[in-house]
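Right, one structure below, let's go through it.
By letter and in written order, the chains are A, B, C and D; residue numbering begins at 1 in each of them.
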Amino acid sequence: MSTQFQGVIPPVITPRHADGSIDTASLKNVTKHLIDGGVSGLFVLGSSGEVPYLTNEERELVVSTIADANAGAVPLIVGANEQTTNRVIEEARKVVDLGADAIVVTSMYYAIGNAAETETHFRSIHAAIEKPIFAYDVPVRTHFKLPTDLLVRLGRDGVIAGVKDSSGDDVSFRQLLLAAKDIPNFDIFTGHEVVVDGALLGGAQGVVPGLGNVDPAGYRRLFDAAQAGDWALAAREQDRLADVFEIVYTPNGGVSGGAAGLGAFKTALQVMGVIESNTMSSPMLSLNDSETAAIREILERNGLVEAS
Amino acid sequence: MSTQFQGVIPPVITPRHADGSIDTASLKNVTKHLIDGGVSGLFVLGSSGEVPYLTNEERELVVSTIADANAGAVPLIVGANEQTTNRVIEEARKVVDLGADAIVVTSMYYAIGNAAETETHFRSIHAAIEKPIFAYDVPVRTHFKLPTDLLVRLGRDGVIAGVKDSSGDDVSFRQLLLAAKDIPNFDIFTGHEVVVDGALLGGAQGVVPGLGNVDPAGYRRLFDAAQAGDWALAAREQDRLADVFEIVYTPNGGVSGGAAGLGAFKTALQVMGVIESNTMSSPMLSLNDSETAAIREILERNGLVEAS
Amino acid sequence: MSTQFQGVIPPVITPRHADGSIDTASLKNVTKHLIDGGVSGLFVLGSSGEVPYLTNEERELVVSTIADANAGAVPLIVGANEQTTNRVIEEARKVVDLGADAIVVTSMYYAIGNAAETETHFRSIHAAIEKPIFAYDVPVRTHFKLPTDLLVRLGRDGVIAGVKDSSGDDVSFRQLLLAAKDIPNFDIFTGHEVVVDGALLGGAQGVVPGLGNVDPAGYRRLFDAAQAGDWALAAREQDRLADVFEIVYTPNGGVSGGAAGLGAFKTALQVMGVIESNTMSSPMLSLNDSETAAIREILERNGLVEAS
Amino acid sequence: MSTQFQGVIPPVITPRHADGSIDTASLKNVTKHLIDGGVSGLFVLGSSGEVPYLTNEERELVVSTIADANAGAVPLIVGANEQTTNRVIEEARKVVDLGADAIVVTSMYYAIGNAAETETHFRSIHAAIEKPIFAYDVPVRTHFKLPTDLLVRLGRDGVIAGVKDSSGDDVSFRQLLLAAKDIPNFDIFTGHEVVVDGALLGGAQGVVPGLGNVDPAGYRRLFDAAQAGDWALAAREQDRLADVFEIVYTPNGGVSGGAAGLGAFKTALQVMGVIESNTMSSPMLSLNDSETAAIREILERNGLVEAS
């Protein structure tokens, strides 16, 4: 059963000027682009927002800029991304002061914990912070998979308000959906761009796709088709979005895996005229001209920019 | 585009007597149970059939027993499970002589290969064996994920006739479905029990569920609903099957992960009266009485045995 | 060829009062215990110092307390532990202001980088910070193994002054020792407690053992024996220290792997009367009475406390 | 405490003619080269012998050829390399009939086991086979690390006669050496080429280096220096051998990791005139002319071939 947090909630990218400074004008444009595209919430300071690369000052600037541009239009779910419990709590207090309607918390990282410590971690943060908490399951970064039974227990006890799943484990995702079905006001999101139709068919309440920065309206159509029970239409839209997602495979070896995906989103938004530059946070490299041309071609064939 | 190989194709379990010897009578019963349940093919000598634990003599006995019981009713897809290319070819020749309509081949294991060697591996086997070859992607066992572009290239060149995916990577699975859409006579199966509705919505041609040993008719209903475009019904059947799948989580620590899943399937079939004993291949332990009681309860609540 | 940074350089633990606050008096005692034990440097804000669990304020308190207690006796090598380049630079500036003689930097974590980004990472930090930089190779935490050729190149270019190796990869460690043999003023440390004799035989300049908190004099004897070429004596001392290291295996399942090792060091120091409490940073649990008794027994049989 | 199995026991490579067939004449030459180099045993059908790539017929040919060439000169320790318990037992019976003095057994692979099943695995094989059994710990291939306490228990109970460690985990290796110190007739070997001096300093009884095919006399000198307590000499010889080991890093991307190492050993032996061809088992590629030239240079600078 769901609450105010559902639907399409893209993790907002963080534009930079060519000199590396945060580009607040472009960030406002992205926010407008997303709201215009029909999203129902914004996930701020997520991995797609390059949160690990932002200094503390930059993190504050990003949250306040988006909060200004959003002006209460949709809820803001904001990452409190830090290594361990007490550091998360300090970070969470900051983002709540800046306007977060809910916070997103991973398991600890760099630290080597276990399930019991992870439970204490979430319970301690809940005790310290008054906003709803979403557990973010992203083992490719934290190297710890949040156990399904722990998530269900935290949900039943009101410690967490939902889960953002980027685990890459569709089996445990389906089992979480089933096990949490009767928890009131509990929302489960998939973070994977190309399997949203199946996730919604299985009962997910929302989707947090990095690619939603590029095509928010496409994800909104997919979500609406699913809500209407038109699964064939949802699958066709998903297949189209999976083709758009090919932009993340255009980088040809010069950049890291992380920079490839995020760089592709930024480059697409630059090609579409939404942001000024595709500059990445240091030390990530930005995509080059030939990669940009390949991305333009994919955007053209999917109707996201006019043929040049 | 699909061929004769599609639909529900369970990986047949291998029953043993309590003394550890292969129970051919029970194996014939399982075969009949599956065909009666409406399956469209049988996957023989798969992981669910405990193929790594079978001696060469036992492997031959299993294939010939199923071939006899099947009597040509449905196609037999048989695993040629060996460490490296030349060993696979020898194994494949044996199972083809015993009646395999197609063979299933993994990447090399124990050996440490790469993508280029894996390509040579499949091409060499194709050159040596006249039957269709299905690539089996099971990195949890082989520790090598078959790359999507390699699978597509092998498909286009007619080296492989399809893919059985047990990779646990739903993103690459969807991308494979899209990339292979226009290859004629190419069939893609998911090996994951609880995400079949989403896999079929994405365009998969078949499903190879270990749990299909226990409830072949349930998977047939799910497949038929998907074929008819009734995705809500497919999802409901999937949710029911996901609940049946809970039998694999009943073992409480005394057995290995491998023995838990396969042991649960065997125990369920024993409770259902299809096989005589739930004895596992050594050194795997068999499930005990309390685990059996928990499995019975799950079967009862899902209508697979009558309440006791 | 070595510089001022060599010998025994333990990663200083961070004592807490039972209420969880930093215990600066005990921290000063530990510092004195180490210097009295004959160490030639102190590694501050390392994993053994629970750096991921310390708030920013606590980190500053720890560095300034140790700097006060040390009073210039031995060099301070201080961790600048943050997720990415610019965050590391901000952290490094803080600890240099607080008295660091050198800083210790890992590859990025949570962020997903590659070798090229990692090279930029170290070069950017070197350009911003005037103190010597030690690369800390700890893939069990960062999930990225620093490549040997990168470390050698950074060493030759004067970007890094050495390496602290906690990679658990003795083959690459030996190859690093060989490849870096002719770099002037380049120091390589092993972070593994029980293979120090072999590391020194292979040419390592120093050792950074967590267990050195407990028995600094033992490591000093081991180092001195190696310097004197008495390898049989070094091996005997190593075997004794390997037995002391058994304290980390006394925890019986109630705590995480991280809490077990660090908890054992703290508990041993409490038993030895060096610190007041064995309290761990939240959410880690502290070792209990029976675990403490087992640790006491190991300390007794190795002459580190008197038999009770 | 040691038995007949100690010292330098290289894993014998398997030469092939350019047409891919086993080259028995070259295999006899390798055997003679090793015995002349002063080895104290031969490890047959190991990973360096390409055992996963050999058909059953080829495996028999290799063992019988080496047994003939050896003519009882040194003990033969032979791999019984199969997926699971009963398959290992069948394989072990074959190699014992062909002349094995001891067998080498890994944990199960492809199969997914646990520690309890692994214990049953070794105990069942011991019950079936009368020859001494060495446990081979090679998690990079089996993806299961043999636990130290299990190895010690199997040693004390006389189930295994020793351990060949290729785990890459020097910490657990040292702990095994300490824990097994008082087991009579128990021999522990390291399989890592470049850390032999440290392993012997820690108490290992032997070494099974793939590089020992190329320079058996070098490893014999290293072992003799260690036996004589001249550790500085041992370390110098180790450093020289580590430089010879650089041959495995000459392949420049065209071959897999497995083919690089084994291909380098074969290519070196071809350059040295010991074998006819450096042909690898299919689907592994053989090293090319430029890689061969690079290997020749390394051999020349280490005095293993005359300068050309």
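In the analysis below, a residue touches a chain if its C-beta (ideal position, glycine included) is under 8 Å from a C-beta of that chain, and two chains touch if they have at least 3 such contacts.
From a predicted model like this one, the values you see are computed outputs, not experimental measurements.
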_What are the mutual neighbours of chain A and chain C in this structure?_
none
*Touch-network distance, chain A to chain D, counted in steps*: 2
*With over half of the numbers shared counting as same, classify the chain A/chain B interface as same or different.*
same
*Farthest chain from chain D, comparing Cα centres?*
A
_Nearest whole angstrom, what separates the Cα centre of chain B from the Cα centre of chain D?_
36
*Starting from the mean Cα coordinates of chain B and chain C, work out the distance between those two points in Å.*
49
*Could you list the positions in chain A whose residues touch two or more of the other chains?*
none
*Kindly provide every pair of chains that touch.*
A-B, A-C, B-D, C-D
*How about chain B: which of its residues touch chain D in the complex?*
52-53, 55-56, 81, 83-87, 90, 108-114, 116-118, 120-121, 124, 140-143, 255-259, 281-285
*Please give the residue numbers of chain A that touch chain B in the complex, ascending.*
168-171, 174-175, 178, 192-195, 197-199, 201-203, 229, 231-232, 234-235, 238-239, 242-243
